[in-house]
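Contents: one structure, followed by commentary.
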């Protein structure tokens, strides 16, 4: 039973949850009235996209993308061929089965995306503080009302 | 607004889910993304190209190092942007100048919160040491310039939270952290320019082996990766502290939380 | 050395920014010369790139030397279209940097080095986006340019600059995230990030994959937010009109145009025109939306009383021109759209430079405050008139020729609604600008009901702007005319990219007739 | 990875996301957002993306939460939604 359940639900479950989180984040970004809530929604949206990417790089039964038996193999090669000091040997490539390691490329992309996310969050929070200094509130409708009042006053 | 948002979100969600049955199965090792020659190449040839067992580090700092350079620039921009936004028309904040203080040991001076003070004194050196480990050991274990840089920046943030912003800023004043942040990007791009000057494409580290005759191209790659990670760590640690210091004090760099 | 030009154009700007940051802390006065030097070098290098592309065909530059297998490293890819847009970006950057000289003199705060660092990095980000051949690298550079523009807009002195910047951040992040998600969908199905390789994979899939369709829609919507296409333009007018003049002069001409350019790049190189026009049946819809965008932008521009706001709504209409032209599935439509990217960049630059000078010299915010400007500031008005004539579409200027190509495309492909919308919009522009000319030439009666900004007494001593402001204005006006005069050469270059093997999927667009 | 854990974390993720957006106290929202980041970092570690997880643990759960709290401290805590 475990296997069929797994096949039906889990095969795309990660993607489903990523999409649900994206929708939650996007909804908060569009409809929340409080500026900080909007930004939390933005962060959730971004992490959901990252979850999507990372899910795309998962392989069943694969380990983390760090070659762990690297040291042992190097020794072998060194013993056989007297390569000096460093692990540059063509033979080693045959020992590595790509199915054993999860796909490193999405991880790299998402490191970038996380850093971009926090950079955006920082800039947005700075703008939020300036808005609070100018208008004394973080609620969008109150800010709009104050802008309108200021316009009418001339 | 709520309804518009809800409709937009449901539409987006429906769009995203509509392609779901076309997706490769979760965890499928032979999906287009996982079985592509690009991904295979990274897994199989990283050791050969640079001898770095952590493929993520190798891809980050070597194959796609151009991206990573701009990522570092994004971090730099965030710090500069926050400083530029929060200083609305005022002069240099008082805290930004290196303070001419006579009491260098102010982290230890405060006897009011002895638990926090002691914990910080114990924790901060360990954090910083760990940060250096993470930066330097990124070739062999999870970590690298970003993670190490953030941990290093966090140690200053911890000092600032525990003891107030001023003692932390005495140790890392604004003129200094801005300089460190810029120097980080300079280090990174200098590696690329060195390759350029030696006649290869930008960031083609292999050619740097001519500078150190005892190493070959693969080792040159490996060492250059460490070099650019150090540059990344410079920028990231300085900017993380800068972001906190400016946001916590509304850009005035005094008081803090 | 010459083969390294693609990276050098970015490095010049990057090192310029770093030098400004490091030395600007010591002495603020070095910022301006350093920035102008860096941008001049960038212009020189991009001219070199253009020459190289004209003589030697497409440049493929593999960063880090990772050329094989294609896609492991990052590729920079330049054909004649990119080279022209790159030259446009660096030129606009240089002209606006010269314009910002006044700001440096008057600004007494420590912000000057920060401004120039962000400014140079913005130009670097936009240039990098244009020459990148890697879908994810484009996202990183998109964020570089977005973050810098958020900051530059939020630096405005107006109270509303921060709120405008905030809504820009929210919308911009949604746009960039959609783009990122679209690239993720593409990656999931194709397994690569290199634009050419993605195209090969899409061809191999033979139009059967719904993932690719969703990816295309996501990227399109994300870019439409970035380029302020009609229903998604809400962030633009406030963001561009409440920021400092020197910021709006670079953000307004470039950000939306680069968004349009990236959309065209996606259509031509990544998805391929056969797939976009034959497999998807969106073209009619998008031309329809473009018609609405043109009409709505023009009508809203008519309703504005503030000069900069009016220009902002005109940008919305102009984006409609380009999107409509690109989606006509017609050779001349695409040529017109690409040509219009360049001409509109300089027209918008000219408009915003003039608005910045009016604001600085005379405190002009609203259109009716422009009375008598022909007498008070003749040189500025001369530059402004050239830009305005280009916006209307009067023959020697580039605005006329881009409209000519777009209309030809519309007629050949049978999109009569688009042609009519374009003509209506030109008419509206004519009404708008001749109203301004009338006010500025004949003046108007001083008695008016508004109680807003009534400082006519203080602006009685209006002088002509100084050289550093006039040089960029007149240069942009000259470029507008030159682009018009040399339109056939530029179109020849664009066609070379469209027809030759430089852009794949050409069989829809290379024929002079309509959709096959 | 163990799929039971996967599902539990995914469900908790949705719950924490909703809580951090529903709660009216912004300080609490920031804290719950930190929890969310930490949970998603666990998820990624489980998926084999250790570098991403490390970065998220430091950046998402660390810096993001701290700067959110710093801003809440400097502005106000209550929210209308």
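For reference, chains read A, B, C and D in written order, and residue numbers begin at 1 within each chain.
In this text, a residue touches a chain if its C-beta (ideal position, glycine included) is under 8 Å from a C-beta of that chain, and two chains touch if they have at least 3 such contacts.
Remember, it's a predicted structure, so these values are computed and weren't measured experimentally.
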Higher-contact pair (C-beta pairs counted), B-D versus B-C: B-C
Identity of the chain that, by mean CA position, is farthest from chain D: C
Whole-Å separation of chain centres (CA-atom averages), chain C against chain D: 37
Where chain B and chain D are represented by their mean Cα positions, the distance between them in whole Å: 20
Inter-chain centre distance, chain A versus chain C - centres from mean C-alpha coordinates, in Å: 30
Multi-chain contact residues (two or more partners), chain D: 50-51, 55, 59, 63, 67, 70-71, 74
Multi-chain contact residues (two or more partners), chain B: 16, 23, 31, 33-35, 38-39, 42, 54, 56, 60, 64, 67, 71, 74, 77-78, 81, 85, 88, 142, 146, 243, 247, 250
Chain A, residues touching no fewer than two other chains: 10, 13-14, 20, 22, 26, 55-58, 62, 64-66, 105-109, 111-112, 115-116, 118-120, 122-123, 125-130
All touching chain pairs, where touch follows the definition stated at the start: A-B, A-C, A-D, B-C, B-D
For the chain A and chain B complex, residues of the former touching the latter: 10-16, 19-20, 22-23, 26-27, 30-31, 55-62, 64-68, 70, 86-90, 92-93, 96, 98-99, 101, 103-109, 111-112, 115-116, 118-120, 122-123, 125-127, 129-130, 133
Complex contact set, residues of chain A against chain C: 22, 26, 29, 35, 38, 42, 45-46, 49, 52-53, 56, 105-106, 109, 112-113, 116, 119-120, 123-124, 126-128, 130-131, 134-135, 143, 147, 150, 154
Chain B partner contacts - residues on chain D that touch it in the complex: 50-51, 53-55, 58-59, 62-63, 66-67, 69-71, 73-74
In the complex, chain B residues that touch chain D: 54, 56-57, 60, 134, 142-144, 146-147, 150-151, 153-154, 157, 161, 240, 243-244, 247-250, 257
Chain B to chain A touching residues, read off their complex: 1-2, 4-6, 8-10, 12-13, 16-17, 20, 23, 25-29, 31, 33-35, 38-40, 42-48, 51, 53-56, 58-60, 64, 67-68, 71, 74-75, 77-79, 81-82, 85-86, 88, 140-142, 146, 216, 218-219, 236, 243, 246-247, 250-251
